[in-house]
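Next up: some structures, all given as structure tokens.
What follows is chain A paired twice: with chain B in the first complex and chain C in the second.
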Partner chain A sequence: MNVVNVLRVPTLFWRALASINLTIVLCLLLAADVLWGYACIKWRTALFIPLNDLGIVPWIQTYGLGNLQHTSWFFLLLLLLAVLALNTASCTLERVRHLLAARASLPRLRLVAKLGPHIMHAAVLVILVGYLASYLYTEVVVGTVLLPGRSYTLPDNAGSITFTDFIHQPYQGIRLDVFQGEVIRPQAALVLRADGQTWEATLGYNRPVRLGGYSVHLDNFAPKKPGGMRLNKRIDLHIRKDPGVVLYLAGIAMFCLGIGAYMLDWRIFWEVRK
Partner chain B sequence: MEMVMETMTLSMLHIPLSWVLILYAGAFAVSCTGWRRTLLLLLAFALVSNALIVLYRYSQAWPMLPMHLAPVLTPCLLVSMLLLRSAVYLSAEPLKRRVEQLALLAIIICLAAAQLFPKDFYLPFLRSDSLFAHIMLFAGAAGRVCFIFSLAWSITFFTATVEERSLCMRRVLSWAAWGFVLWTLSMFSGEMWAYLGWGTPVIWHDPAILLMMAVWFIYIALLHLHFSRTWGLRARALFAAAGGCAALVLSLLADFGPFRPLW
Partner chain C sequence: MKTMLHRAVRKPCLLRLGPVLLACVLLLIAGCRQQDASQGDQPLGAETRPAFLQIGEFSVRHISPTRTEVRDGAGRTLVLIPRGAPLPEDCNPKQVVRTPVRRVAAYGYFDVATLRMLGVLDEVLVGVTVPEKEWAGCSPDIARGMQEGRIVYLGDASSIDFERLKQAEPELVLTWDPSAVPILDDLRIPAVITSTPQATCLNARMRYVQFLAPFFGREQEADHYFAKVDAALKEIRARTAASRMQPKVMWGDIYEKRVLVEPGNAWVGELVELAQSNYQFSDVFGTSCIEITVERFLYSGEDADIFFTYRTKDSGATSKAAIARMNPLIKNIAPLKHGRVYAPTPCYIQSMDRMDEILTEISAILHPDSYPAFQYQFFEELPATDPTASQAQSEVHP
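What follows is the complex of A and B.
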């Protein structure tokens, strides 16, 4: 009898882990926790800014553990997200198993449509793994400044970037007084070299350049206003090698696919069922 | 001359927010009476004024994103929806009238808060020249509209007859699901914008993403609660009403600044 009871423990644990009620409780706890986080970041923004560039482990060692009154919510967030990931994985596996067992009785389109929520769940897991990889393994090159004609070589000789020219696009309209004559769409002409090949690229805000596994982002630039006794031409680069980016972008695409399938189920088959 | 003309046109377009607020308050008062045509007229007038404010702010900022436009854009989209579906919402049917009144009340609160807590913090303005930034704004506002309708139906549930209650819950779920889809689109667009601009999908300078996440989690909980059906109708409606109120406040909080009284 005792042996039977002992054997039932993993089954009960699995069921509890796959429970939708657990999902609801976790989501409410996560909502409350991120609100707490919102307040903490509002009050102590400077503590969290390094998280953009440092990995999660150095950030915890440098800032996280020393300021627990402001950073505890972050540790709780990690814990809750980990439990949510386990809950989502077990719930999805359980339901997909049942769905696939009944696949013979379902038309193919209906089966795809019914898989929609599970695709969304799997996408959440992919996104979370992507974030984890990103915060654990991202390599950041901070504060790289280039003047015209100067080059920067990426770590491990992954490639080189030469800043050739800054393309001025000053604001010509009359609507924004504060931007009169200022550069509003900065664009830097670059020459990139990697694997023995050379090509030209244009770097701008929201227009990064990819080179040798690194993404190069424009952080700042000068001059803000062309002409006159202004600062020399200069671009500040933010260079990162983020192994998680492919995962979370794939996760976002998967989630959108899942939503599409779910809406198909809801709009077509739900109507029929009704 | 061309410059003067352009300035004049833009100045004429600049309709104060308080005027739009008064029009919506008038529409709310009329909605409590049976004057449907007057209501339709007032709403149309308020919508045009509201849309002109949105257009004005957009024309000032384009191609960048007009910052903190959500509290002004949301009423515009909501009233467009009311007027587009006027056969459904602007009807004399008591249940739908209550939903319409609650939706109007929500936008009055939204606009009043925008008046009293204005925010003019334009730090990432140059970086907002991205399609994803604009998608984030519009999808977020449209999602908020759906959440307001979901909230209005959940409150209406408590005044509905027993026969009407299942209809109310269907509407709560339907609007919440559409809101969730649009909110997710807005959140992902924000992450894409952040990735392209800063190289990371979460920027820790600005905690606004955490408020978006809070709303997202509240609606995930609500949708799972509906699908699991472990709670009764009344409890689910109560959750939808409480969660909807919280989500409305949280979804707008990032767009509000310090208290600045009008007087």
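What follows is the complex of A and C.
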């Protein structure tokens, strides 16, 4: 009897892991944890800024463990996300297993449509793994400053960036007087060199430049207002090589595929009703 | 029926999941704490010093007795290696600073004051960006160094004479200006960016000395200094705790239609709140000297009691009437009409090494009843109107 009970433990555990009730509990806990995190980030912003460039392991070893009263929510978030990922994976596998077992009784199109939500769940897992890869393996170059005419060479000679000119567009409207004359659309003209080729590019906020596997982002610039405080012309760059990006994109593509399949199911549903 | 039975079995399992998760988290935290405590790679003679110290956006991490990593205000990492120790192979030579640093050029008043806090100013400071005459009144040590030729004037901070800087042979430059970094890299002089994107909070302001201390091997001095300021802060809290009056305070000014104030996350905002007072811009978050709208400034000024202006007497803040003349837009704010207005003295900005006294003085301004007969050194209360020439003369020759 005991042996039978022991043998049933993995099955019960698997069922509990794949349970929708667990999903609901996890979502509620995640919501509460994120609220706690919001308060911590709001009052201790400086603690979390280095997470963008240090990576998760060095951050945990330093800022994370050094300030547990403000960072515990983050550890709990990681744990909850890990359990949610396991819950999603087991739930998806369980249902896909049932679907595939019943595939003989379903038309092929119907089967594909039924797989739609599971493809979306798998996509969420891929995106989560992408985030993990980003935080674990991203190579970041922080605080690179370029002055007009100066160049920066990427690590391992992957390419070079020369800042040629700063093209600023100041605000000339009358509605927002406080922004009068402020640079509202900063753009830096760059000359990029990689693999013996040279080309020009324009860098702006939300307009990064890709070079030699790195993405180059505009982090800051000066002066913010021509004729304002005397500051030298400069751009601050945030350069990163992020292996997680491929996974996000793959996850997004998978999610779109899942939505497509789900819409197919929805169409079938309406056709049946007709 | 089968499904219901399943549910009946499963529900208690799920209910038990919450405590299990909580236990996991506690175990994780406990494990981490144990690991943290067992780290035995701290520098010699620093048993009580934490392996990692976060100071606002700055940080210090003691990796081993021969390696300390610091993160500056721009997020750049510098590796501090004692003189004579081999250079690490895993970092860019441009990041390496040999300690203790013997020659420093400093852009900002606060950095100069921090060198004074550490007791190394006379030994290490070789260059500043403020001319001698401006140091003469409040920083005779620097004026004397400049007269003796130990300290050179490097030019205005926005147009440094890099030839002169090179001749001064600094081993480290403390600068708030990131645009200096590429040129300093060419000159092979390591630089520390001492400004941060967000305003420094009170704790970071008090602990900044602990960030610069490892560069000079003066950690003990930094700890003593912090303890002194911390004691002053505790004294302020104790003195003002019982105060019934909670004045409303604003700190900023208007320059050619631009309204600049200290945000709520800045050290002054936090100090005002800590000293049983209300900071009118406590909801404003961001960089020091942040720009807000005129309307917001005027709204906060409607019921404020005390106004701290950035301007000194030399820059025109001689009286409430003078401020109203310079900025007619704000002439009707409450502190200018019937409240109190304070302007910093020239010594305020140069005396951040006396931060305990500055904090106490601000507290005394907020609660004069708690500090009877307090002598002000760093701020002066502005009169309603400028004294006339005859009044001024009679004050000089009674």
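Just a few scattered comments:
Just so it is clear, the second predicted complex is superposed on the first by the 243 of 274 C-alpha atoms of A that agree within 3 Å, B and C clash if a C-alpha of one lies under 4 Å from a C-alpha of the other, contacts with A are read in each partner's own complex, and residues count from 1 in each chain.
Assume a contact is a pair of C-beta atoms (placed from the backbone, for glycine too) under 8 Å apart; a residue touches a chain by one contact, two chains touch by 3 or more.
What you see is a predicted model; the values in this text were computed from it and never measured.
Judged by the touch definition given at the top, the superposed model places A:S72 against chain C, while chain B stays out of reach.
In the superposed model, A:T23 makes contact with chain B only, not with chain C. When the two complexes are overlaid on their common chain A, residue A:S215 makes contact with chain B while staying clear of chain C. Of the two partner chains, chain B is the only one that A:C256 touches; chain C does not reach it. When the two structures are aligned on the shared chain, A:I49 is found in touch with chain B and with chain C. After overlaying the two complexes on the shared chain, residue contacts for A:Y171 are found with neither chain B nor chain C. Overlap of the chain B and chain C interfaces on chain A comprises residues 21, 45, 49. Looking at the complex, you find that chain A touches chain B at residues 20-21, 23-24, 27-28, 30-31, 34-35, 37-38, 41-42, 45, 48-49, 51-52, 131, 134, 138, 174-176, 184-186, 205-208, 215, 217, 238, 240, 242, 245, 248-249, 252, 255-256, 259, 263, 266. Chain contact summary for the complex, chain A toward chain C: residues 12, 15-16, 19, 21-22, 25, 29, 45-47, 49-50, 53, 60-63, 65-68, 72, 75-76, 79-80, 83, 142-143, 145-147, 150, 177-178, 180, 220, 222, 230-234, 236. If you check the complex, the residues on chain B that touch chain A are 3, 6-7, 10, 59-61, 63-64, 126-127, 129-130, 132, 177, 181, 184-185, 188, 191-193, 195-205, 207, 210-211, 213-215, 217-218, 220-221, 224-225, 227-228, 230, 246, 250.
Chain C makes touch with chain A in their complex at residues 6, 10-11, 13-14, 17-18, 21, 24-25, 28-29, 32-33, 35-36, 50, 52-54, 56-57, 59, 61, 71-72, 74-77, 156, 158-159, 177-179, 181-183, 193, 196-198, 201, 204, 257-258, 291, 293-294.
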